[in-house]
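Labels A, B, C and D are assigned to the chains in the order they are written; within every chain, residues are numbered from 1.
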């Protein structure tokens, strides 16, 4: 029921998939920053539906519009309200299937929680479309972080059983961006990318869907931020990331592999390198005791296969309380991971900027 | 830097590993509940060091003491302050090794964050001992939840490569408790338990340590609780769980396996069973759209191998800024997963009770 | 910098006086309530500029518009975004006087805080116009409270030295509403009302302004709500009320008179009346130990005279850093207290509804 | 029910008047500060009962004790737990009068809220004694603020009808401290102080009590802090101040007098003085638009007469539900205002330090 996130850099989400618009309010942005709508639009375009034949056929321009908080092309310190309109709406299938619970969709939980009053059209508030607002806020946060040289990059690590296990930690941010831009599904390895695309198309032709995983690398996050006990970096990052629909797991550094490791393998030895205390490897994912080590923050998230599929499924008719088998139509993505990537980057940017502000780390740009 | 957790049921942690005591303040407990110190003590004993030859040799009685909030053996509605003393303290090794950064310990991040002023003895605030306070709070939360028939059970799912993949969802809570009590390391399968114990002893003899994973099952949590967007159940549970040192990953339901699954496999079909809407399987882990489905909430966490090992390690002498190789002595656990189990249950209880209270779900016991 | 208020019933304010619009997001409204735009409009009309010759000549229709959260004329449980447009804008005077600090306006503090980047037109975010959003949120909260029989009524207690000291505690809510509707300036005593109006007109003709005070009476608020220590009712009400520009003081019950009273005078004797524990008088203002007594909650606030006056004033030219004397033109209210009344009611409704929800008091209407 | 206060500098209160102890946890104190127990003790002594014949005869040493967070006489960055014991306890009168509701005490509201389970001895959690914890936290906050040259001074402005209206804004902090130390009841004017003392003794001999008011002056608080809308300085200060039992009103600057003022009188003209933008007078109390102007922050609070009096009073026997008349015995203060002064300073320090930290204003002392 809580649609606000953050303490100092705070965002508030509103809007529904088939309502008038999707919106976000960004509070806590310092005054006097140049406000670059194009950079926001660019991020939104990465998440936009209809961007290729690998995504849903719903076609939205997702043009961002300013309602408040900007004056003379600069931030004013006031809350910034930004929206995108919903235009390519087809609510008919939802009307028709209102009485059938779509498996692994929020139809049933929404029914119980909101007593049948929620806007079910296009899944309403539960639609991934709501995350367009996160992307807008993240684009603002990322611009501020980048002025402090902090970069955030996420990429498709796996689709189905096609897995890219290469370690990209030492790659330059720009290199990674370049690699990613060559791939329709935002993978870094061009060979793997092709295999992943083929798998998605195959699954799409089967009217089925497929899961995947996303890796996120944050570089140059200052050391000594975050903290022990209840607001460690893993705590706040995971809270932010699980705001994204379809994410069902997160691991930092070596993550689930750690279960099978010995201490002598898992421990990251400290070393003086370039006159700086670093670790020789980064199985800790850049976080020890909830605090940043100065090494890249690295985490991987799993994205479940989209629940919307065209194959016939068993479910319940909620009006008759009978078990049934039914085919659901509608437009959907065969694999959502590539479109989730800008959202993962966005929520990471939002939560890390908020963390820095709470700790009194004031980016220089705030002072000018 | 934040040592408080929760909105209505709120806990505040204090104390250091080798200071006078470890404490917790529990706020938001309704007045008039019988206060059962023995049940708290029982939970603490599960976490207590020195409980067997598989744990650290530090031997603490961990006897819980009431400082405030209880009157005539009942809760008063006032904040309850509970403490355990630190008695078996040996700070000597920490004094000696103060200048060497222990690999994968918080020595360096603490140094940066607190400028060399933190209480390093026994890792101070970063010690797992701080979680004894969580266990105390969790014991209180669990008692309240159990009166609403909500049970929380965690068990050792794997140690190293010994993995118990059996599905215990349909087991009765009491059955699970009984199975677990037979195992020194809190596994449910007696055969696997023996193998795990043997592995721990082997690793201990190598002066090394080993990781593991813990599964947690919450039964009878009411459906329709939690919510979309920023406080979904995965968000709040993961935030709570990552407060526990050594946890590096969490997954709900099918979790990371979802990355390789098709929608037609992953989707949980709805079915009317016993006159109730349920799912035929539970790959969603009891949560869809951030909201409870009424199925058990199931998640798995990974516990890294303890960073304290007796084997010689590469690291840095922080006084001379030189790379060195050194053996660290001291008392430590070869595998911490079994002792983390009550802590996982505790933080789960704390966060779920708080969630219910925020949603205005008032356990009957609060009314009497 | 914080534009959100509340814990469960949470509002987020955005928009500027001379920007596109003023808006509010209301989160935490239960699903399934009939959404009555007319009742909201009625409250807004009480605050609307240009409503009589006693107010500013800026004429705004303030027609409220729904952007999200409503479906089939009912609340959905999703955040409700509501806006009013700014139409009758004349930013010219602000442009002209940009370099002169208006006495007792936020020009200087905004300059320091936002470094000259804030939207100064019509005082931007500091304008009383921002409180139109509060009134919208309050209208929603009041409707919910009224279904629980809780009423909130504020009235003009004094303008300048014209003071209505009559005790209206025993009057019926509808009687009070009727009395108030007869008065242009929302006083209850018709004689006093005329005198107050005459005073406002006199002051207006002098190009000056005048202060006043507002009394607020909350009836049927359930006893035993609120609490000791940090979130007592006085604490949360005062925090809410001071969100309103121009308010410079608040007192509960006997308030500042208590300084001169003896305990034997101030103490409210308990008495059984109509089978119920009550107090014989209400110098406590319905709150003891931060908790509601079941008697009406009564408080008075002081509203400073509008800082915008037409008389020549001493001030500083911020560009030359010279002391000057200057006349400021522009449209403004000679006395703002009557237009602040719906805002006081609104913030009281918002904070008290949130308080009830935090305490798990679920209005019956939420269940249906 | 909320016993924690603050966002970054956060305090958590626990303990009861006649329980083992009163305690406070202070979180968010930077590491590496010298921890001066004597300065804390000095503040506590100002609040201590039994300090003169003008206060209650309960005699408590109130010796502060460190439970956590301090190492090598410095702060560590960990939560600091500090306590004072309750020693001079006489719970007998409370036992005897348990069935009679003391007028204007929290007996009835506590009964409703906590269902008869609260610790009634010495008013338990509702006792002013709980504020000893606030004083401890305030002493820590004040030390940090003073290193930034920010001083907070409160004094007795009135007792009954003896009122000191002199404007002390231009006095030096040390001068004010010196004046105050000469007065048993913490007034600044020695003549008025004597009259006030005489009044208190007269009232005490009548077994009655008397109210008063306290003025608080904060100097050198940086300009441009706080903010419009929901966390303006008046909002956060008033929330903090109403945490103190017996406070029933607060006004900033000209406060309630503003109701009778014209804009031309109330407006504070800006002026360049000593090369700095200032106001010629300070009717705004140092706050405009919720933001500090750089002038002293000035506010006055009213302290009601203690509810505990020895005179016979009308009330209710809660066991028989009958109206009765009864004399309450017990030890109490004839006038509490002088002992509330350190508490007002403490809560002001706590909330203003938190405000500065939220705004990223990092006192230099935090860096060293």
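FYI, a residue touches a chain if its C-beta (ideal position, glycine included) is under 8 Å from a C-beta of that chain, and two chains touch if they have at least 3 such contacts.
Predicted model, so just to flag it, every value in this text is computed and none were measured.
When the C-beta pairs in contact are tallied for B-D and for A-B, the bigger tally goes to A-B.
The greatest centre-to-centre gap from subunit C, using C-alpha centroids, is found for B. Centroids of subunit B and subunit C (each the mean of its C-alpha atoms) stand 46 Å apart. Put simply, the C-alpha centre of subunit A and that of subunit B have 27 angstrom between them. Here the CA centre of subunit B is 39 Å from the CA centre of subunit D.
Residue positions of subunit A touching 2 or more other chains, listed in rising order: 1-4, 8, 13, 113, 125, 358. The residues of subunit B lying in touch with subunit A in their complex are 1-5, 13, 101, 103-106, 108-110, 112-113, 125-126, 130, 158, 160-161, 203, 206, 208-213, 223-225, 227-232, 234-236, 238-240, 242-243, 245, 247-256, 258-272, 277, 279-280, 283-285, 288-294, 302-309, 311, 313-316, 318, 321-323, 358-359. If you check the complex, the residues on subunit C that touch subunit B are 7-8, 357-358, 360, 362, 366. Subunit C makes touch with subunit A in their complex at residues 1-4, 8, 10, 12-16, 19-21, 23, 25, 27-28, 31-32, 67-69, 71-72, 74-81, 83, 113-119, 124-125.
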